[in-house]
Amino acid sequence: MKEKSKVNGKPSLLGPFKAIKYLFKKPVTLRYPFELKEPSLRCRGFHLNDWDKCTGCGNCADICPNEAVTMVEIPEIEAKPGEKNERPQIDYGRCCFCGLCVDICPPGSLRLSRDYFHIHFKTSTFNLLAKDEKIDKEHFLPADKYSVFKASLAHRKKDNEGFSSELKYSLFEPKRVSMPQVKPEERKLSFVEQVLGYSKEEAKQEASRCLECKLCEDACPAHLKISDYVRAIYEDKPDESLRKIFEDNPIPAICGRICMAHCEDACSLGKRGEPVAVRWLKRYASDMIEDYKKTLRLKPAKSIDKKVAVIGAGPGGLSVAYFLRLKGYTVTVFDSLPGGGGMMRIGPPPYRLPIESIDKDVSHIASLGVKFRFNTTVGKDILFEDIYKNYDAIHLGIGMTVSHSTRVKNSEKAYLALQFLQENKIGKKVKVGKEIIVIGGGNVAIDVAREALRLQHIQYPEEKVITKTVSLEDWDIMPATKEEIEDAKAEGIQFNPGWGPKEIKIEDSKVKGLLCIKVKSVFDEQRRFRPTFYEEKEMFLKGDMVIEAIGQGPNFSFIPKELFKKLEFTPRRKIKVTEFGQTSIPKVFAGGDIVNLNLDAITAIADAKRAAEGIDLYLKGN
Amino acid sequence: MIIKVISIIVLPLIALIIGFFFLGLSRKVIARIHRRYGPPISQPLIDVIKLINQESISHGKLFDMGVILSLAGSVILVLFIPFGGIAPLATSGDLLVIIYLMLLAPLGVALSGGEAANPNVSIGISRKMMLALGYEVPFLFSLLAVMTWYKTTSLVEVVKAQQSFLWAIFYLPLPAVAYFMILPAMLGIRPFDIVSAPQEIASGTAVEYGGRYLALTTIQHAFHIFIDIALFVNLFLGGGNLLTFFVKMLVVFLLGLFINAVFPRLRIDQAIKYCWKWPAILALVGLIIARII
Amino acid sequence: MRELELYFGPQHLGMVGNFSITLKVEGDQILEAHANPGWLHRGFEKLMEYRTWIQNFPLVCRINVIEPDSMEMVYAMAVEKLAKIEVPERANYIRAIVLELSRLASHLFGCWAYANMLGFDTVAQWAMYHRDLILDLFEQLTGARVYHIYICPGGVRRDLPEGFKEKALNTLHTIGGCIPDYDATFFNNRLFYERAKGIGKITREEAKELGVTGQILRATGINFDIRKVEPYAVYDKVDFEIPTREDGDAYSRVWIIRDEMIQSVHTIMQCLEKIPEGEVYKRVPNPFKWNIPKGETYVRVESSRGELGLYMVSNGKDKPYRVHFRTPSYPHGLLVLEKLLKNASIADVGNIMISLYVTAPEIDR
Amino acid sequence: MDRGSIKKWLKAPGKMGQKYSFWVVYFCTGCGIIEIPPTITSRWDAERFGVIPVATPRQANLFLITGYVSVKTLRAIIRTYEQMPDPKYTVGFGSCPINGGMYWDSYNTIKHLDKYIPVDGWIAGCMPRPESIFIAVTHLWTMIDKGMATGYIKYREKYKNYRKNQEEALGKLEWPPLYPVGDKNE
Amino acid sequence: MNKLKKELKSSFKGIRTGILEDNRLAVSAPKDAVLPILSFLKNKGYEHLSLISCVDWIEEKELELVYVITSYLQKNDEYADNERLHILLKTRISRENPEFKTLVPIFKNAEPYERELHELFGINFEGNKRLTPLLLERAYKIPPFRKDFNTREYVKEKFDKISFVEEKKNERA
């Protein structure tokens, strides 16, 4: 066919008659309504949206150049903290079928279908609440019932998916900027901090991933302004991002290291890729600025002569003190430990939360004018009654300080988790055996196990040392965070999930091992903790030391009897408080682990924020 | 006598049906050359029915008179041309009358065009007149050639003369070819459809015709096609009885259609130059030959 | 003869895009012509200042409806130059294929428009049929028939679907196979030769003076083609020649279109053979927070009608500060058309206009 | 596709005639014009249904407004629409005439076409494909059968509102009102 | 490339030249030096004016006119490097009453660009005979392409105020 292009023959009069040959050939027309043309596999037609995958994050509404997508409140979907109950509605009077919303959709639930016919004489029918054939049975018809003649938005073909999003071509960056960490072999030998923190470019790169859909802010119990401070980091203004954090969270250094990160579970990028590393970015913001005071220059309000006592300098206590100080109250904080931070000071081992970062936050709160009275346990050095008398309001932030014991045969021989952690962190190091068995499956148990492993390596540098954990819960329902379990496994800790402790074997007053029995079920039907066992299946774990980390409880011993009787409790043994944190005793407020069920620092800060409001109203009110 | 009256009524109807059939067929054949399925053969009929029901905007009395005049001219012309057996008025009139009546249709259009104050129409009419000038010359020469050859001006004798032995096309090949070359110009189809060029002057004279006027012009166009081809068949192919006459017309029409399908539109000056150059010379030579022999 | 005022108005059969010329006519002779664009003006450059870089990407291909891909290409190149992004090799090959396919489609559209304006329906229908085959290829590749939204800053939006190579090759064979038919009925048609020879003649100096680019310039003998002068995508790795003619009238312009169609069929086949494996899309930063550093650039691409340039200024924010498209039919539609229409005949108005391939949306933007 | 049923022809020739011979006025108002040629040429061939492009509004009875409408084009559209003989139907093409489409914030395009002229059918799509145009034709068939395609009657009755909207958008219109608008002040 | 730069620097004072990319030379010159530079470039062989554009620097209260000049091919067969060079000549004019001399005597094809800039930016080029309206249908108080003309407000108060003819009052947002 490719003759040279210079066939510029003399234009002839009879040449064109060659065209008549097509008279006898078959015409090429596609007789449309009777012969259908198969649309391509990537055709960009009307929208389909999988409502279970869709998180209502609203990214598709932000990216649309023609503002065709509006988020519509759907009452029948119940709004979980990490998900809004809004779904995109597309106005086909604006949409240009470009597919940007499909490429930006983090969970990949929004897709374009392969049918594109909608003809109607009323423009109002051109709005479509994008649904999927799973949810919307009557509009999507199987191939045989579908007819082209009645084609419209309410009469579409089933499983007709066209242009859909692929991670390789998505507009967001699914992978996280890798955080430089110490390698497992190295870090198990010493207590050096495992996570080394982002450099400037890495933080900017990671911060640029955030799509600002604000799902994380709904999921975070304290509703931090996450998208603002991430954007501030992106525009490399760390002081401005710190100011945004301090509006809700006075202890960023602590939270940056040990927060449970509800926000990262809710992050819409996390549905298909890795979520934005919000916690590490908060830590980067707090590390970048050595002296908070100089950069933030927070000035408390005009001082009011009311006095507030805060018992327990945990995350809850510190936050209440900070907020009330800013409102102008004079606040004194009592804590039995030598320094601030409460459970944070003794709980998480130094490789996760070094003491310096705790002191950095506490000293900043002190610099605001909050008086700290450390090493004063209420009920011993100072009585609760005189606090109750000469302070206008009291906040209980005492947290769970008593470690439960399994009360199994000769369990007195076993260490309790909190003592073990406390001595290692602020006291002298505990002498550990070569083989250690840790009972429990929560975060505290994992901390105990990894700390024990490090102590073993320090105390017996060459010998072979093992740390084993025994937990009732099986892999899927183990309460510790997935990240922690991976790190522990990487460091060589053996897990024995689904086994319950039965008896600690003792031989000439030295622990020989632990007899365990198989667990049948952990929770009963009302999800209350009622473990049942297979009596006959047993296993003996050799070990020269046993540590119990099966949960902690509060210690209300310091409150006098007549006040304690007035305190009401909820069925799950928590203090009953109003939404402003006020207990049944009007003058006493409470927050933190003794009130909420999440048992983590950020929920304590959230309670503290509400409690500070409550106290402010209470003191101003009457 | 009664047969004459009946045939006066029947012939225009037959002409109309054949005209519409040719229009529908032309759209179908051209579509097939375009490699597509064209509209059904009855599409012109559907169009006319639709146009009758449409509101028609008139520009005054003279505008309406012009359209009716051109239609009337075509209808009368049909009566003068013998169609196979039926030839109601053919005996009384002859070729000269036909030539004279040929002019009525463009005159009617010119009359109505003048009324509608649209520049396109005036350009269309000037083009129509020039084109008519263009194809009249070879047309007359070929008619003269036939008349001198058969030494009669009446069409019926010409047809009778051809019945007995060979058709006139073998005696007068040159005028026949000349006539065939200007057939597209007379029909107003593709190489010469400068008059109603939709792209250049927005369908020329038919710009202002809405609803019923357009229906009448389509009917007039159908008659016109019937007239020209029937004249050609009578003059050169010696129209036999009804069926053979129709078959000959069909063949002539299809050949004319192929020209239409494969050539672009000419400019008006090129068209006239083309009409005067080849067909005129052929017709003249044919006339001279007819004179000498 | 009295002087007529004739409107070759916006509502016109066979006109490409809506553009009106007011003619002062005397008899059949045009005394003076004034082009009157603006019917399709949407203020594109103003709209682009309100949208971020990624949001502009679907908007930019809407400027010219006949060949959207060169618009996307010029926008993508400008953004990549400003933001210093490197495009993977395979993406360049796919971009070249898409550009050549859209050039073929727009040339076939040009044939349709020109044949339709001359009342030559047969070739118009064939050209449209072959263009439709190409649009099917585009639908397989990008998902949409006309506005592909496919060449995005950072590469190409999706990889080639499987089985695309065979489909493309046999479409090109059908088109290539029909070129002899086109030659016989259209390009070598005596009446077309009569109708187009010597119409709209423009000499080399006039062309240079009026800032003409593309086929009209190549019809006057200068083989100025941006694909050779400033090779972008993979045009330096593919060998193809630039057809030129000497006498600069409508007939030679059509002949250049024909030769360019054959050349682009060649280039597509070469690209399909030489395409390497590998990545297709180099990820672009997050669309909501993509601040391109301050700077300005002028990028140009050879679209099917001439030099398509884009002057873009960014002031470090996430939205372009100023965008100005240099569209090829801007000088053609306003200057060259008015010059050629002087004392031409009425029948040739459409003829000249479509032979210059003037498309109205490019003039008004 | 009841073109063949003689009974229907005899009963309502006017309706059937309009249905099976739509003459489209060839006026490319916006970027949708790129999908009209493929529809009327050999690949999709709208002529099977009798749809033919004609040059003048006088002869047309279907008006396809293809794509966005700029302010200047609106003036031409209104004049063309008013020149068309009466049983006329308009179809809005693509998403721009419905609610502004991609140029929702452009100062030179009008956003809702049905404020200025009555529209009988809207087709969704940013450049609807030829198949959508055929579906629109079938849609118009059913509308005409049911007698709902009454855009032109609405235009005549509500001409005052349309005229007011047109003058609001375009400023002074230089052609007289089509139907008596009554005196301005009531 | 820098040969030309040196020549420009030598023959005209008060201009600053910077290299944008491999073959783009940005030259910014004072108002009155533009026409001599353009004619100098023209007879050096750069006779293709591809674009006149205008950037509205609203903070500095200045309009910046940009002339993009390049050259056609001199010899047909080989592409000398100076064919690829683009010169972006930039000048600043005040925003209040933007005045500038026309370019038509040097580059005949500058006329439509100037008409467009006159209409969309309000710059009037004296000497250009046909500054008649080109694209816009009606006169705007602020020329539309200037930065202070906000097209979204204009749309709200111009088009959205027009009410629908009837029945569709309720559900349209």
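A few points about this structure:
Lettered A, B, C, D and E in written order, each chain numbered from 1.
One rule holds for everything that comes next: a contact is a pair of C-beta atoms (placed from the backbone, for glycine too) under 8 Å apart; a residue touches a chain by one contact, two chains touch by 3 or more.
Bear in mind that the values here come from a model prediction, so they are computed numbers and not experimental data.
Listed by label, the chains that touch chain B and also chain C are A, D.
Taking the mean of all protein Cα atoms as the centre, the chain whose own Cα mean lies nearest is C.
With respect to chain B, maximal separation of chain centres occurs for A (centres as means of Cα atoms). With centres set at the average Cα position, the gap from chain B to chain E is 59 Å.
Per-chain CA centroids place chain C at a distance of 29 Å from chain D.
One inter-chain figure worth recording: chain A and chain E are separated by 53 Å, centre to centre, where each centre is the mean of the chain's CA atoms. Centroids built from CA atoms put chain B at 87 Å from chain A.
Chain contacts: chain B has residues 31, 33-37, 198-199, 202, 261-263 touching two or more partner chains. Touching two or more other chains at once are residues 12-14, 38, 41, 43, 46-47, 50, 58-59, 62, 116, 122, 125-126, 129, 147, 185, 189, 191-192, 364 of chain C.
In chain A, the residues that touch at least two other chains are 16, 19, 27-29, 31, 65, 96-98, 123. On the side of chain D, the complex with chain C involves touching residues 25-31, 33-35, 37-38, 41-44, 53-55, 57, 68, 70, 72-73, 76, 80, 102-103, 105-109, 126-127, 129.
Contact residues of chain A toward chain D in the complex are 27-33, 37, 46, 65-68, 91-98, 116-121, 123, 126, 148-149, 151, 153. Chain B contributes residues 30, 33-36, 119-120, 122-123, 190-191, 193-194, 197-202, 261-270 to its touches with chain C in the complex. Interface of chain D with chain B (complex): residues 3, 9, 13-14, 16-18, 20-21, 23, 41-43, 45, 47-50, 54-56, 58-59, 61, 85-87. Within the complex formed with chain D, the residues of chain B that make contact are 27, 31, 34-40, 43, 46-47, 49-57, 198-199, 202-203, 206-211, 214.
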